[in-house]
Each structure stands twice: as C-alpha cells, then as structure tokens.
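The structure appears below as structure tokens.
By written order: A, B, C and D. Residues from 1 in each chain.
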C-alpha cells in the first residue's frame, strides 16, 4: 500500500460556460499538479464542490484524476454521502476507478439523530465494506458536527481506517489525536493555516485548499519539517496565512477558484448558487499572490 | 390555485427489510392520512429523509403521494438540493408528477459562500424557473443557516413565492415575517410546539412532524384558532408538547417512526446510518401517546 | 404578598456628566412611570447596567425606586452576582430597602463549572436565605447559559421561588415552563417582542426594555389579553416589533437610552465602555417612535 | 521594565472553612512556586476566581503575591472589570501594590453593545491611564466574546500594551497575531494544551492552569523550545494533555484545586456556587498525576 503522507491538493472542479464539467481544463490542471512537490490529489473534497455533483460526475472525476496523475502520486477520493448505501456504492466505484484511499465525511444533515455512536457505526460499516483504505474527514465548519479526538482515536484501531483529515482547526484536538493513535496513522491538517504546527506535533501532512494555488510552498513546509528545519518552515507558514485565508474563510470556493486563475491554473466559476469572487475579493487575492511571487507562476 | 393553508404532515418514508422503499406501506399510510383533518401532505421534507434518497426515488415518492391523496388535498414536495440545477430539475419533475407546491430548502453545505444575497438569488432563480408555486423552507437546526425575517420578507414580494415554512422556532422572527409579508403569504410553523402561537399571530398553519402521529389533534388546534376558540387551542397545544419533543428534538427521525408504529401507521426503521428508537425511547413515546389517547388510534 | 403580574419596566440608570448616578433625573423618570399602566419597576435589571455598578450604588438605587413609586406598585430588584455570598448579601439589602421581589440571574462566568445541578443548588440556596420571594432570571444572550424548562419547573416547586423572567425568547421553552409550573407561578416575557404570545399561552406579564419607552402600549397589550381581546393585542404586538428591536437586539443599551430621551424620559449615555447611540441609530429610533406617536409623549 | 516571557501560574485563591481567603495557605503556595522554574505569577486570573472576589480582596491578594515572590519574578495582576472606571481603579491599585503588569479582560456582559470598536476603545483607555504595562486577555470560553487577530494586532501598536494572553485556543488566530505584532510583543498561550505550538510559532510563553499543578514540566517545555530541542518539548506537551484537560475543560476550577491538593499545594474548595471535584473526578485526576510523577511532588 502507498504511504498516505505529504501535502495534497483538494482539486477544484472546473465548469464550462454551459455548467458541465470541463474535463479538458481538468486534465491541464492535473498535468501541472503532477509536476509539483505534492504527494497526490484529493478528488471530491469540499473544495471540489462534491455536494454539487451527481454520482456519475463524481465517478468520471475520479477516473480523470487517476488517469492524469503519475502512478506514484496518491489519489484520495471523497466518497461520503448522507446514506450508508450511497457512501458504500461510491467508495466501491472509486476503488474501481483507481482511487488509493477513500476520504469519508460523516453524514451531517440529521444532527439530532447523528450521535457519536451512530457516526462511529457508520465509519466502521464503511471501513468493513470498502475495498480500499478509509480516511476519516472531519469538517465541522461545513457539516456542523465535530468528530472528537476520542472518536477518532477509537476508529484508528480499525485495520482499514488509516488516517484522519481534520479541518476543524482545533489544535488541542489534533494534539490529542496524535497522542492517541498508532504511529502509522496519518493525521492530516485540513487547512494550510495549521500545516506547520500539525506537522511539528507529529502529523503526516495535509489536504489544503491553498495547495491548489501554492502547491510547492505547501510541499516545502512539510519537507522542511521532515528535515527538522523548523525555523524556515515556521517562516513560510506565517507568510502564507493571508493567502490561505483568502482561499478559505475569507472568500470561500469562489475565492479559491479566482486565486487558481491568477496563479496560472484554471479555476473558473463555481456551480450555482455559489458565486465567483467579485472585484474587491480578486484585488485582495492578487495582492497576496504577488507578495508570494505566485502571480502567473503556473501559467504554461 | 389551491390555498396553502392548514396543517400538513411531512410524511415519513417507509423502508422494507432490504432497505428499499416500501410503496405498499406508503399507500396505506396515505389512505389513513387522507381521512384526517390534514390539509395535505409534504413529501420529501426533512422527516421524509430526503437527503437519503436518490433523484429517482424522490420522483416516485411524489407520484405516489399525489396518487394516494384526494384531489382536494394539497401536495407539497420538498425539492431543494445543493445545486441550483438539481433543484430546478427536481422541481420540474415534481410539477410533472402533480405536486401543487415546491418546498425549497436553501443550499447549506458551503456556509462561507452562502451569504444572504447568494441565497436570495438562489430562491429567485428557482421561483423564476418553477412551473409551480414555491414555498421557502427555513431549517437552521439541520442546515446551520437561518433565513432572516428581512430576507423572507423580500422574497415574499416575488409572484411565485407563496409562503415560508419556518422550522427555526424563533417566534420573534416569525412575528416579524408576519408583520412584513402580504396577507395571502402563507407563514407556516415548522414544528408542532409552536403551531398555536404562530396561528394566533396570523400564520396559516404548519408542517409538523407530530402531525405524522397526531394528525387530528394538530388539525384541531388550527381549526380552533380559526374559530377564535383560543383557550381550547391553547390547552391542546400545551398537551402535545411532550409528544412533539419525542418525535423531534428528543429522539429525531427514529423517534418519530417509532411513534408512528405505536399510533397505528407504519413507521419502521430509518435508512442507515440513522437508527431506530431504542427501548428507553419507545417507553417514553408510548407514555406520551397513551396520555393523549393515541396508542393504536390509527390502526386498521 | 403582592401579586407579581403585569408589565414592568427594567428601569435605566441615569448618569451625570461626571459618570456618577443622577438621582434627580432618576426620581423624575420614576414619577412618570408611576402614572403609567405599569405594574411596577425592575431595578438593576440588565437594562439598568447592573454589572457596571458598585454594591453601594445598587443599594441606593433600590431605595430610590421604592421611594419614587406608589405603595401599590411592585418593586423587583436584580440581585444576582457571581458568588452566592454577594448575591445573598445584596438580596438582604434589597429587602431592607423595600424591594418586594428579588430577580436573580444565574452566575455565568465559569461556564464549565456551572452545570445545571450547580445552578439549581445556587437558586435553592438563595431562596432559602432570601427574606423576600425570588424570581429566576434567564438571560442566555448575555450570560451564555440557558436555564432549561426542566430546571425552572423543578425550581418552581420551592415555596420562595415565585416566578421566572425568561429573556431567551425560546417560545417552546416558555410553553414547556407554563405547562409544568403551578398556576400561580409568574412566567414573564423578557422582551417586548414576545409579550403577546407569552401572555396568550398563560404567562403573567413581562419585564421589557421597550416598557422604558412605551410603557402604556406594553401595559395595554397585557390588559387586552386579560380581557381576551386577542386581535387588538396582536395588532399592537406586531406594531411595536421594530421599536422593540431598536432598544434591544439592534442598538442595545445605548439605543434604549436614546429612545428614552426622545420619548420624554431621561436616558443619557451609558457608563463606559458602553457607548451612546450614534446619529444613524437615533434616526432609525426616531422613525419608529414617530410611527407609534411616542415622540415626546412623556415630556413634562 | 521586566521581560514578560516564560511560563506563569494563574494562582488559585484558597478559601478557609468560613469562606474567607486563607492568606496563610496562600503564602505557602507562593513560597513553593517561587522555587520553581516559573517566570512569575498571574494573580486574579480566571483560575483565581476573580469574579467571586470583592475589590478589597483583590487588592489584598495582589499585595500578598508581590510579598510572597522574589523580586525577579514577574507579577501580573488581572484587573479587568465590566466598567472602565472600576478597571482603571483596580489597575492603579494593582500598580500601587507592586504588580508589574495588568492583565485586562474585555467587558463581556453586554454582548450586543460591546462591538469590536467599543472594546478597542476600552483597551486604549485603560492603557492610557494605567501606570503599568497592559496585557490583553482573550477568554472567549468564559466571556463569550473573541478578540480577533486584527484587533490584537492594532492594539499591539500602543506603547503601553505589551502582550496578549489568548485562551481561545484557536492556533490560526495565534499565528496571525504573531505574524502581525512587533517582535517584542508577548503572545502567551492561555492553556497548557497549546503551549508547545504557540512557542514554536514564536510565542513568548503562557499562563496555564496546569502550571498550578505541574509548574516545572510547563517551564521545561518552554525552556526546551528556547534551546530548539523541539522533539523533547513535543513529547512533554503530548504527555500533559490529559492532566491539562482535567484542570480545565473537563473539571474546571474544582478539578484544578483538587489537583493542587494532590500535587502538594493547597487547593481546597472554590467559592460557592462553584463546587469541589467529586470522587470520580478526583480519581481521574489522581491517575493523570501519577503518570507524570506529580502525586505529592510539591508536598513539604
């Protein structure tokens, strides 16, 4: 099995003028990412607008990512859905299309029904039925539910659950997870703003919106930590905080896609009702990219 | 156009042992509801586990409800999805299958992108493209986003937006909506626990989980208010508070389905990962039903 | 014992240019309130800036209110502090100065320590030691802690706890309290925006910031409900929603004091760091007062 | 001026059986802390139950700490109150009694009035009037208000504001503060669970409940980071997570005081209504102390 370690980009889904997926642009982005220091791609993460896509579109995107990336790059596919049945179906489909790992978010709509034990049973059931290793995806900002360190620690004992992507940003929770899980369990930062501290604590990398825009800087932060060059890593981390905010908390998906366009990838507009970044946002994003020397860096 | 007024049951979706929809049981429940004082049925509400269902299952359920209810009963179909495209497609499909009104929840996953203006544009776009009138669905407990009274008031000016179902339970917000919308705009309570106060304030009824279990009591509360018999309505309202809690905040979907079974409808188990009510819950539910004389009341 | 029923103004504390309490202005306001339909005054409520005042200032204010109001008007004094000792001391001091009832907010700073049972013990201890009846004060918007309907229902069994002021605005919680407490327990609305529905449900009145500005309208809403003239009461309730928002959620203490100045009472500036309303706020407040015919109404 | 750097214990306030402060026990604790690696003491922090104390008790405690600690140890006094006037009075009193720095929490009761600009004005006014340097205290868990990184960064430009204690635990916010403030501005971790990551990012130390129980381990984490021995520091950090939880989020003030008793300091019971730890809690705390070799370590 491939190691689930390093920095991953949760790749954006490009749409054409008619609202359908533009697979040509997608392939171009993939070719560029393949040459960076990224360990691989997360397809159908939150930044891939997975809730906006049909089951068929999702399967096609997984196949395209596997085809577009070198064999040594790891492909992680987001396969969590509200029902167990659809999650298992999609996970099997992802495995068939070459995904190495399934990244599974917890169901979240029925918040009163989704107790910790119900969610635990859900992850166990998915892990039992999945042909590929499962990574737990905690995304409380969007899902409204937090997966506690105690829950993740318990899940880490299952042989087919190999890691967690924690996008909650609670560094104490991340610390507790690292202190409690086996040493080969991959604890990933879910945002570029705490990649450095997660790694210093013993995390194995991250899946970061900002890696869609600044893949090499993100990969470098992780590499520097691996070489124990913490002061350099720390400086890079502080340098990217503002850009990271632009493509996450400040301007969302629209901001991230605008930043991709400015950096030389194809971003385009999100699927409606999500909106592209407006001029004020683009100006801020451009400023942050300029400071980091990223304006047009990935243009071919 | 039919009047959107009175009490509606957000009908549960019955599943068989193999996890597929049991349309036979569904028809039996519909036949029973058709004889009650309910004004109609909401199909694909939160209590119908709509996020657990495929597009095709949703269309089949709408058709079944229309077929199962008398022509004078109003059929409201939940058609909100995360993307505008899927929402419009499902709304058109619902209209084709005889739904009278589309109940549209706001997209909610991308909380940072879904500003009030983005959500407003979403509802306007759906209303423009929908062949049937649209009702706005505010469900902050599950969606994590509240639709403000100012937003709902602005939306009420659109010719094809005819009402709101507010499940937030903020009675000040409901009061502000009633004070701000046209008098023929239908403001619905989204839970049986505030049906009485919503109606006394000038609301037009409600869509209530507890109406799946106690349809006639709920309809009676509304009817009493219409006849200005407020003291009797008030007493019934206070009487059903505990049962209402059992089928909503206390035990969720599993609790509601267990209560349906005990009252004489078919409830069954929710779709996984949701769990059926356990014995402790069932005991509490049974006690509440007994107090109201509802145990087995709808058994045939 | 006097009946704790009807509408109360949580009187503002007027400050002079030097930041000390202006007792002359206070007496003038009291004289005006004494001639309205209010059942009495709440001194040292949240709107009285009680957290900004020293123990001595608090005692002086209670004495001034008792002196300034007719004997038949009920004086309720806010006496809750973070420690039990200070709460009991202040409650005894309030009784000595003629307060009829002590309104006790729960301690709230140590949120992790203040479990429901710890808070329950606190209220029981205060009630045991208080020479005057105690009213429980739930103010989650400021305290960050909600007192559940189950807790309030349990507390209502204590002989020296005679009511609750619920400023949380959760009408289901208020309904559950009314359904669970003895019929002579006074359930008060804590804001003018839900005075009508609380009363229709069986509540006994309210303590309302807006009663500092529109005392007679508020008293009239309650009187109309007592006479079962619900349609008139409902209309008045909807009419005051915007003014109520201006003096509570929209502009806070500064807004309420500005509204008092415009209505003909003395409001003045709050104690620092709280700020007076700015011009934009004052304009909005003036508009709302004009609509209700309250501009200068209480000027002498 | 003394450097504000290193690890501080937010010293507990010991109460006798009659509920008054036990200054003898306090002096004994101080004598023990004076011999540890701590940089100094925070008196009247949240863990000192400052909201439970009178103005006079507060002044006496500050004097006792100054008297009980060596001259080279830094004394930081918590002086924030709800009103500006009382805050300034207490700050001046603290300076008179030898406090080196004033730790000022923002007012928090009137959450609707306390906008970011009102809070900013408050801190500026305190800093202008304080005879000693001011440290900003962010404690959203208790206050319900978070001080943003933008606000703290702006405040760091004031000549008499020398640092921030951030107890929010949001490591991204702490990172943004460190990236934005002058290099001599002291950014302190507010809990022992993120002392290591705060220090690795460039913070200057922390004020930690757990330093009341494990002062030397906490000081060692900071010292190791200063010597760039990150792997050792990381290990100690992970080791104290469970004990840290016991004396903060898990069992609150009561838990911290019980842990002090077990470690050999005097803890005793908190002031009512706060409760001492129960037997179940004590057992957990004892287990954690044993693992770290702290049981009775500071007994004389």
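Definition applied: contacts are C-beta pairs under 8 Å (C-beta built on N, C-alpha and C of every residue); 3 or more make two chains touch, one makes a residue touch a chain.
Note that this is a predicted model, so its numbers are computed, not measured.
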| item | value |
| --- | --- |
| Fraction-based call for subunit D against subunit C, same above half, different below | same |
| Centroid distance [mean C-alpha coordinates] between subunit D and subunit A, Å | 37 |
| Centroid distance [mean C-alpha coordinates] between subunit D and subunit B, Å | 50 |
| Pairwise touch network: line, ring, star, complete, or other | ring |
| Touching pairs - complete list by chain label | A-B, A-D, B-C, C-D |
| Contacting residues of subunit D [partner subunit C, same complex] | 19, 46, 49, 51-52, 54, 82-86, 107, 109-114, 118-119, 121-122, 125, 141-144, 248-249, 251-254, 270-275 |
| Contact set on subunit D toward subunit A in their complex | 169-172, 175-176, 178-179, 191, 193-194, 196-197, 200-202, 228, 230, 234, 237-238, 241 |
